[in-house]
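Going in written order, the chains are labelled A, B, C and D, and every chain counts its residues from 1.
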Amino acid sequence: MRCVGAALDRRWRRDYRACMSLVNLADYEARARELAEGSTLDYYDGGSNDEITLRDNMAAFGRINVYPRMFRGVGTRDKNTTVVGSSATWPVIIAPVALLGMLSADGEVPAVRAATAAGSIFVLSTLSVTPIEEVIAVATGPVWFQLYVYKDRAASEALVKRVEEAGCSALELTADTPILGRRERDVRNGFGLPEGLWTPNLTAESGSLAPHAGSDSPFKAAIDALFYPDLTWDDVAWLTSITNLPVLIKGLLRADDAARAVDAGAAGVIVSNHGGR
Amino acid sequence: MRCVGAALDRRWRRDYRACMSLVNLADYEARARELAEGSTLDYYDGGSNDEITLRDNMAAFGRINVYPRMFRGVGTRDKNTTVVGSSATWPVIIAPVALLGMLSADGEVPAVRAATAAGSIFVLSTLSVTPIEEVIAVATGPVWFQLYVYKDRAASEALVKRVEEAGCSALELTADTPILGRRERDVRNGFGLPEGLWTPNLTAESGSLAPHAGSDSPFKAAIDALFYPDLTWDDVAWLTSITNLPVLIKGLLRADDAARAVDAGAAGVIVSNHGGR
Amino acid sequence: MRCVGAALDRRWRRDYRACMSLVNLADYEARARELAEGSTLDYYDGGSNDEITLRDNMAAFGRINVYPRMFRGVGTRDKNTTVVGSSATWPVIIAPVALLGMLSADGEVPAVRAATAAGSIFVLSTLSVTPIEEVIAVATGPVWFQLYVYKDRAASEALVKRVEEAGCSALELTADTPILGRRERDVRNGFGLPEGLWTPNLTAESGSLAPHAGSDSPFKAAIDALFYPDLTWDDVAWLTSITNLPVLIKGLLRADDAARAVDAGAAGVIVSNHGGR
Amino acid sequence: MRCVGAALDRRWRRDYRACMSLVNLADYEARARELAEGSTLDYYDGGSNDEITLRDNMAAFGRINVYPRMFRGVGTRDKNTTVVGSSATWPVIIAPVALLGMLSADGEVPAVRAATAAGSIFVLSTLSVTPIEEVIAVATGPVWFQLYVYKDRAASEALVKRVEEAGCSALELTADTPILGRRERDVRNGFGLPEGLWTPNLTAESGSLAPHAGSDSPFKAAIDALFYPDLTWDDVAWLTSITNLPVLIKGLLRADDAARAVDAGAAGVIVSNHGGR
């Protein structure tokens, strides 16, 4: 049923040797642009509106100068860390990415395997094509769950319970998407969920992400119809009250909001502008 | 008589389907550059002198970083607003643009129809090719009038009365054009008012915008001969005294000038550098 | 004898019509690059070392934002001005440029005629190919003289007297050239004074600007052999004491140096980095 | 035995005339890119990671504005200087560069000859292909020695004694390489010490810089296996205690570290980010 990514998988395998020369992230990005195509590539590669923030996200790293102290005795370096109770041996967390079924016939399975094997923490998107339980089953390290809150609050509460029971170690509540960013590439492509994919973490009624009428992309229209756009800090407090999992707030950009997150019971924040999307 | 824009109108219609893919302002700008030509395109597309300010006007938006607050309950968003008594359902006002007869055989009529249908406020240029009264007749929302003050003060006063009687809702007095900017593209093109166009809001003697001798463009020479270059804040106070319409001052760049505008009876200011022109 | 520029003069005349479309300084610069050639063009077009300052001199203007006050009654504008006793009807002074004989068979004569006819002040370079007296004879407005100080102090004093008697209205003492900038284009071209040109304002012994051995350009070697590199503010005071002409110091970049100039009797300063040369 | 650079030497000689037109450092850099090739060029030309610091090292010079004082009496200029007891007639010190045997069959000999003939101070790299003693034998001016500290501390102490006895005038201890930068060009090239080269300043066991397994370049793996990565300021104090030579600390970027260097007995610091490598 999830056959969309099969051709991609074959290409990855055939090009395995080429992958050996991937030395940095830019190499991986260039490689991904060769392998993915058209509207799929645009979905992952594009940003919202004029993509000014998308571009500046990268350029901003080049503006940071590091002035290290010398002779600090760095012969022994330890990359092990623990974040809200989850251990990692490689201190980079894999951000949630939707719909990996567009890139692999096995959906999120290869990604969670690779991430946890590398000692990272894998964050599963609400919009995965693989059910939470199957992801947890193949993980060899902690898995967190990225949460959008539905208009249907009972469905949201049920999802949180399912996430807990499946064995996820933390929740990431996305703060910066009361409505989805207007990704112009998706608008031009009329991007919607590809044939044959569905999102099993969503409730039955809405899991198909059926297109809606409007000037936005069908994908954006479906998302905006499904998720609750009116969240307040009271809703954050509600969420932290119904779960024993640590809740991280993803997508804050201001110090005052970080303080509000702590007041609402959050275990931490993730500074992000949603990748400029 | 106003036949200049007819070929353009045909092209717009023929290309209607292409217009469906206009996703952002840059798309519209690129499309306009395909449809308009030569000195007409240069008139709308160019800026004054080396066009440094023209270019920086766009780049400046990219330098603005927004740090939004999250979880503010934005499920219900209201774009309705009222500005100096005029209602808009789309909170973007259409800036006055001269001589739309160069782009359409129907002059300002298509623009005012589209703007007011979209819920915006349409600002009519003193230099329109369609008389004020015809513009008001087709508008389905508020129309404002952009005002230059003539050397002939009585003609100016008469124009203000005509604007009031026609049913405009506000006046925009342009502050930043004691003389017209030197638009080098216009100089190179010898730009003047095209054959067959006239500007019916101007008095009979000067309405033809007849070319004048000099090193500037014929258009600039005609404008500079017609409009009063010696305005002071006393003249602004005079204008606000002779009309019951709210007067907005367009083209201020300094806070101290904004305070002076209020002292002179203005209802508001419009920060602008005349589009870098 | 001064035949070097004759071919250029013919080209200027043949291309007179093309000159009618010169709308701004960039146009003139582009035109000059068409007419001058090779090492002559490089001499005028180039800067010192990596030309970083040369380029930044232009870019720096684009970083200046002007925030004009509006409604100031600018109908009457007056470009007339007086600078250290010299009147100008166009308030832009023509900076001294060496060796105009490379660009015209008539040396500095066309330039001084054009500058004074336009109401500007013409500043004659020490390194002109036309004698001071001939320049003054054709000028229809004030002429200033740009001064380098010779190692031969008596020759310098004689030159100042000659300038006074010829009828120049002011002296510009160049501050920023104790040695000439290393202009790499000149080094690559082996640039020296062209055959048939000499500099009649210099003393007989040194007027030929004969090439010297070394890794610099022959021109730089000749200049550095001729001019006194060891000037101090005492020498400036000496200069102001031997002349009744106002002395302007050209090439200062610091406020503290401007105060020193006034202390040494200067009538003014000209902020400049020698055009990045 | 050290034959790697012989072809390059021939090319340098054949192209001697071309070298006469090398006017600035950029010319030399361009020339070197013509003469060196492949992984050798990449070793010298590349930087660490994305080469952002490498590029900014050059651009940073363009951001420095100099505001010179004028009329300071600069007719007599003296480039002679003494640094920690070493005299130079040209006040630019030649930074240590490893493995010059890749560029010349005579290893470091041509470079030390040229540098000391020019009146500069030559700094010999620990990783030279020419023994210290041979370098000193051909030098006509001061030679300093750049020091890495081995994991084998006795070998390090022996090396310091050897440097002293050979007649070096100062030690430069590199601070910023507890591990070698990850130079991605070297990773792509699988860069290691070329056949036929060895590094005679290193102890016999490690002098071959034998490749090691891993995802880095063989060169980096060999260096990281050899040098002590755990240096602290106590080790710096140890070094200054076992030698009478002045010790300069190379690769500091912070004022507080400079103060620590003085406390540890250093004679000076060299501000550097290892050339962005």
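Quick note on the criterion: a residue touches a chain if its C-beta (ideal position, glycine included) is under 8 Å from a C-beta of that chain, and two chains touch if they have at least 3 such contacts.
All values reported here derive from a predicted model rather than from experimental measurement.
Engineer: Give me the chains shared as neighbours by chain A and chain B.
Structural biologist: Both chain A and chain B are touched by no common chain, going by the contact rule given at the top.
Engineer: Given that chain C and chain D are copies and touch, would you call their interface same or different according to whether over half of its residue numbers are shared?
Structural biologist: Homomeric contact, different residues on each side for the most part.
Engineer: With centres defined by CA atoms only, which chain is the most remote from chain D?
Structural biologist: Between chain D and every other chain, the largest centroid distance is to B.
Engineer: Let me have the rounded angstrom distance from the C-alpha centre of chain C over to the C-alpha centre of chain D, please.
Structural biologist: Computed from C-alpha means, the inter-chain centre distance equals 45 Å.
Engineer: Could you give the separation in Å between the centres of chain B and chain D, each centre being the mean of its C-alpha atoms?
Structural biologist: Once rounded, the distance between the two centres reads 64 Å.
Engineer: For chain B, jot down the residues that touch at least 2 other chains.
Structural biologist: Residues of chain B touching two or more partner chains: there are none.
Engineer: If we use the touch criterion from the header, which chain pairs count as touching?
Structural biologist: In this structure, the chains touch in these pairs: A-B, A-D, B-C, C-D.
Engineer: Report the residues of chain A in contact with chain B in the complex, numbered from low to high.
Structural biologist: 49-50, 52, 56, 175-176, 178, 184, 187-188, 228-233, 235-236, 249, 251-254, 256-257, 260
Engineer: Quick check on the complex: what are the chain B residues that touch chain A?
Structural biologist: Listed in rising order, the residues of chain B that touch chain A are 21, 23-24, 26, 61-62, 67-76.
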